[in-house]
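You will see two complexes here that share subunit A, one where it goes with subunit B and one where it goes with subunit C.
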Partner chain A sequence: MSSDDSVRKRAKRGPERRGAATTSMSSATTTTKTAEAPTTGPRGRTIRMAGLIAFAVIALTLPLWSTPYWIRIATGVALWAGLALSWNVICGYAGYISFGHVGFFGIGAYTTAILMQPDHGWPFFATLPVGIVIAAVFAVITGWPALRLKGAYFAIATWAIAEAVREFTTVADWTGGAGGLTLPIGPGSNYFYYVMLIAAAIAYVLCYALLERSRFGYRVKAVRDNEPAARAQGIDATKVKIQAYVLSAVIPAVLGGINAYWITFINPQSVLNTIITDQLVVMVLVGGLGHAWGPAFGAAVLFLVNEQFLSSFGSSTSYIAMVGVIVMLVVLFLPDGVVSIWGRSRRTRLVRQLLGRAADDFRSGNAAGSGGGR
Partner chain B sequence: MEGLAQALVTGILIGGLYVAISVGFSLAFGVLDVVDLAVGMWVVLGAYAGVKAHDWFGVDPFIFLPVTFVVFGLFGWLLGPLIYRVRTSRYALPALMGLAFTFGVATLIRGGMLTVFGYTPRTVQTDIVSGSWSLFGIVMPAIRVVGFLFAVIAVAAFLFFLYFTRTGLAVRAVAQNKESAGLMGVDVKRISSLVYAIYTGLTAMAGMLMGAVYSMTPELGLRYTLFAFFVVVLAGLGSVLGVLVAGLFLGILQALTTTYVGADYTLMTVFVVLFVILLVLPQGVSKFAKAVRT
Partner chain C sequence: MSAVLEVTDLGRSFGGIAAVDGVSFEVQQAEIVGIIGPNGSGKSTLFNLLTSVHKPDRGQVRLFGQDITRTPSHKIARAGLSRTFQLPALFVNMTVRQNLWTAAVEGDWRGAPELANEVLELLDLAHVSDELAGSLSGGQQRLLEMGRVLMQQPRVVLLDEVAAGVHPRLRQTILGAIRELRSRDATFLIIEHDLELTQDICDRMIVMDAGKIVAEGSFEEITHDPHVMEAYLGVPAE
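Let's turn to the complex of A and B:
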């Protein structure tokens, strides 16, 4: 979850500790603020706006001055930033670990691929809404029952769903089976760069507006932090959770569709591979769970590392192992993500203190709080 | 009819191995409060230990079983405290972080194995038995029968430890209530490490047996994770009897699907049944989660 939350948890040692996990209703919102603490106020606002505009200008003019290699990289970063964002919605904001997001990605990819086959011949942009609808329906059907499960149960259930989707596409005829599907060759790389960038940007704006600037966001966080209390406030928790799940499902569907058209050939190994979920998890964890911009940062870093790794070592399997090591290290040493390093120096100090303290945690009775996230 | 009996026998023989995989997993879940997503990776790693024991030293994997237990137990002994630390840390959502941590372990093992061993399927070679026995027209491959027997012995030894030793008593106490167990003078951290060590050792042994029956690739780890989870969900926590029944049920389900629907659909059937079980028994499942917590 957010760094702010854990800071507060650490501050509140003693009997209040258990409550600390549940009382911070607006943690993600406050985190965004505290993470950018030096830049708040009217002047900070200008700086931030300037930064955002500079970023937008660089992003939009990239094809004018950059090389095709970097455009391809930037497209990949946009894709993964969007995917990581969608995972952050369900995990960071709603508090449910989903290991099945690759399923939605694959659904989007296959929808676009099947509809663009010569015997259907749909135009590309018409296929994206279909992918959205299918992913949303699928998310409701699977999420309605699965979201009643907690923690690990939900994680495994979504994992099973994604595996079932993959098994199905491998077995079924009209998905091309293990051989996969070939799409028509699309326009140039600039086209895909812009489409991907715009899709990711829309996803970010949508999620930011919905989760940080609306009542819906407060509802989602309230349900995450204390579901019974949220229900007592009159929030329809099941509905809110399903809404969040659908929101986090349609984004990968759209990006999956664009990705399919971009890479022009898909099969279960490429768009329904578990490594995609692995990457999402590590990107969000590295970037910072529940931070608004953490996933984008994590995605950019990880994707660049990935590309660099592949071009210098040429082995994607040792990359998987490295991803595993990164996840372990981040969980052990930087539970709030890399974003937390520069936010405030106090935070890093607390992380260091935590490391020294963790050993005698149990004796101080901390095991009592161990059921908190279930 | 013949086919049904055959499927049942095959299913029970495989089910014994599923029990051996799941029984330690179930206990580790109860004691550490973490679903170890790496369980299937220990299975595959154990199988590869058997393959390599034969390749490198020419030792028969079945003789190698105790060594496997000790070696993987040591791995678990080293890893257990880390998981314990994540689980009892002051992170915002320790349960989520624990899950993410074991996910990292699973990813590391999978990537490492793919790098070292590649994608080629391997089978554990053994010289102890070969061929198959036939009883009332039901064919029983000898290797499966022996694997089943070894699994039964391992599970029996495990249960003996759990129910007839003082340490086993401490383990059960921790699984029931960490705080009270701690107050009674049980070193919860040490017990957690011990349970994790026993669990990894047992699972790796079961994996070696599994590798003698089915060929293994590093990619199969996920499947065994789901199978172990299936068994634990179906069984309900704290119920050893439940694990026995659920493991055998999974084996039979798999065998029946293979016989009557087709081997391609085995996994999908298991996933769908798992999903349905999670849906119809949310009460049972949550009760079981509560049992862990208190």
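Let's turn to the complex of A and C:
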């Protein structure tokens, strides 16, 4: 079984881990995460920094030496990397499987679209903070009851909430109904590339600082792993869950606003389609659930594969089948996602734990009616 | 001197079964009180009622004179009451060290790394400090539960079978840690099946059976109490 070979792997890596652990202990005077030391010694850190700088240089100079086609692709990668990140916040870090994340994407898109209609005429950047506020308020109002649910029940509740948003935009007048809304034509594709890239980069830095380098991250992960124990450490679990949900909601709202201006036409089918959430789930699972950089990686790979499929075979259902196979292989053999191949990360039990919890909910739900835990 | 913990007529039923049925007692500062009783006698439920994991149907709990009967768990923890869980409730996807740091997240966060190193040494967990808590052995998991208590620097501690399955040498370590905390005026309530261990460390014992307190007193007194013999052996003593 895989747990056996994880033990073996760990045993093999034992001595170097231990060595690194002692050095981390002697330098553990700051509150930064020295516990990550085993794979991030001074040399590892240099390599990482170099990689990050190289990536930044390539990303920032891309429009100078690339073609418009690749700029468009890169904009898409930035968009999906940011969206996948936001889903990772609520699922990978907080442990709540949200199947309604597209709702926040749609809220952001519609906020920008409505405010930029000629009769309002707001400048583009002024609409983004409004989208953030609306998404945050919506997350608090829906999260407050929904986050009391666990596992599968939360997934169902969030899915229903997103469907409600979609139905609302379909029937309401001021959202353009099923016909959707047309936005003013924006500046060129380089503009959108940079805006999307910067938005996604800010989202990553923000989430990394909050979840990997601060107390908040410890609170969130503690609640994910064991809520009663987290409460017993003095952590206000209800508050922490809502905070994490809000954080994961405002990112897609901003990206949704940028996306709406980029594609210049939105309707419920395009920006509130459940398939968007499904994509996010797959990207995060493939990249690495609960890992800081997993979603970016999964998003980039799957978006590129998807584009390649579209350009080679046209709109085809074979992509869906292939994604299904990838998900099965990853969950079975790489439960920590593709990022775990490099050994940067430890093997967690997150995927199995969360899926197992959801399965338990259904089982106990069937056996004991509404259940709800002892 | 007023009691640190006062419990008055505490009761809670689950589906018609009275798990805790009118329990009243007091614990004084720096006292170590052992709670023993057969399985299902309501000991762990009592702990869950004291820490608001479950809400009681009736009765009252006072901590340092404050009514905490319906206070949320996290506020009780912040008031200085720390506990362990009968089934280790660790943060399994975090490392051992991160588990310890998390226990200080609402307390002395700046001092956490240093204190964590001390706790790791004390509980002989230093060599696994960067392993995931979920990969620890059963005994080590209980030690880590104890470690989180030490990180919280609590004033009142509820220990639920913290020494079960722990190596005898480390048991002594746990006992040492308890005595050390007590010397700093911490108060303890300890559920333990191992009578030798409770005899060693407890000032006073409470015996529970079927949700009620059936005896209270020194180890000598309760081991000669006919109710206790009945609860444990099923027959009245001679």
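Operating definition for what follows: the second predicted complex is superposed on the first by the 296 of 374 C-alpha atoms of A that agree within 3 Å, B and C clash if a C-alpha of one lies under 4 Å from a C-alpha of the other, contacts with A are read in each partner's own complex, and residues count from 1 in each chain.
We adopt the following convention: contacts are C-beta pairs under 8 Å (C-beta built on N, C-alpha and C of every residue); 3 or more make two chains touch, one makes a residue touch a chain.
For clarity, every value in this text was computed on a predicted model and none was experimentally measured.
In the superposition on chain A, contact of A:P187 is made with neither subunit B nor subunit C. Look at A:P68: by the touch rule set out above, it reaches neither subunit B nor subunit C.
In the superposition on chain A, A:D278 makes contact with subunit B only, not with subunit C.
Shared-chain residue A:E167: touches subunit B; no touch with subunit C.
Look at A:R215: by the touch rule set out above, it reaches subunit C but stays clear of subunit B. In the superposition on chain A, A:G44 makes contact with neither subunit B nor subunit C.
With both structures placed on the common chain, the touch criterion links A:G234 to subunit C but leaves subunit B unconnected.
By the document's definition of touching, of the two partners only subunit C reaches A:N226; subunit B does not. Judged by the document's definition of touching, subunit A residues 10, 17, 21, 374 lie at the interface with subunit B and also at the interface with subunit C.
Considering their complex, residues 33-35, 37, 82, 84-97, 99-101, 103-112, 114-115, 178-179, 182, 188-189, 222, 226, 229, 233, 264-265, 267-268, 271-272, 274-275, 278-279, 282, 285-286, 289, 292-294 of subunit B touch subunit A.
Those residues of subunit A that touch subunit C in the shared complex are 7, 10, 17-18, 20-21, 24-25, 28-31, 33-35, 37-38, 215, 218-219, 221-222, 224-226, 228-237, 290, 346-350, 353, 374. Here subunit C touches subunit A in the complex through residues 14, 51, 53, 72-75, 77-78, 82-83, 85, 89-95, 97-98, 101-103, 105-107, 109-110, 112-114, 116-117, 120, 126-127, 129-132, 134-135, 148, 152, going by the rule given at the top.
Here subunit A touches subunit B in the complex through residues 1-2, 5-6, 9-10, 17, 21, 27, 91, 95, 97, 99, 145-146, 148-153, 155-157, 159-161, 163-164, 167-168, 171, 274, 278, 281-282, 285, 289, 315, 317-328, 331-332, 335, 354, 358-359, 361-362, 365-374, going by the rule given at the top.
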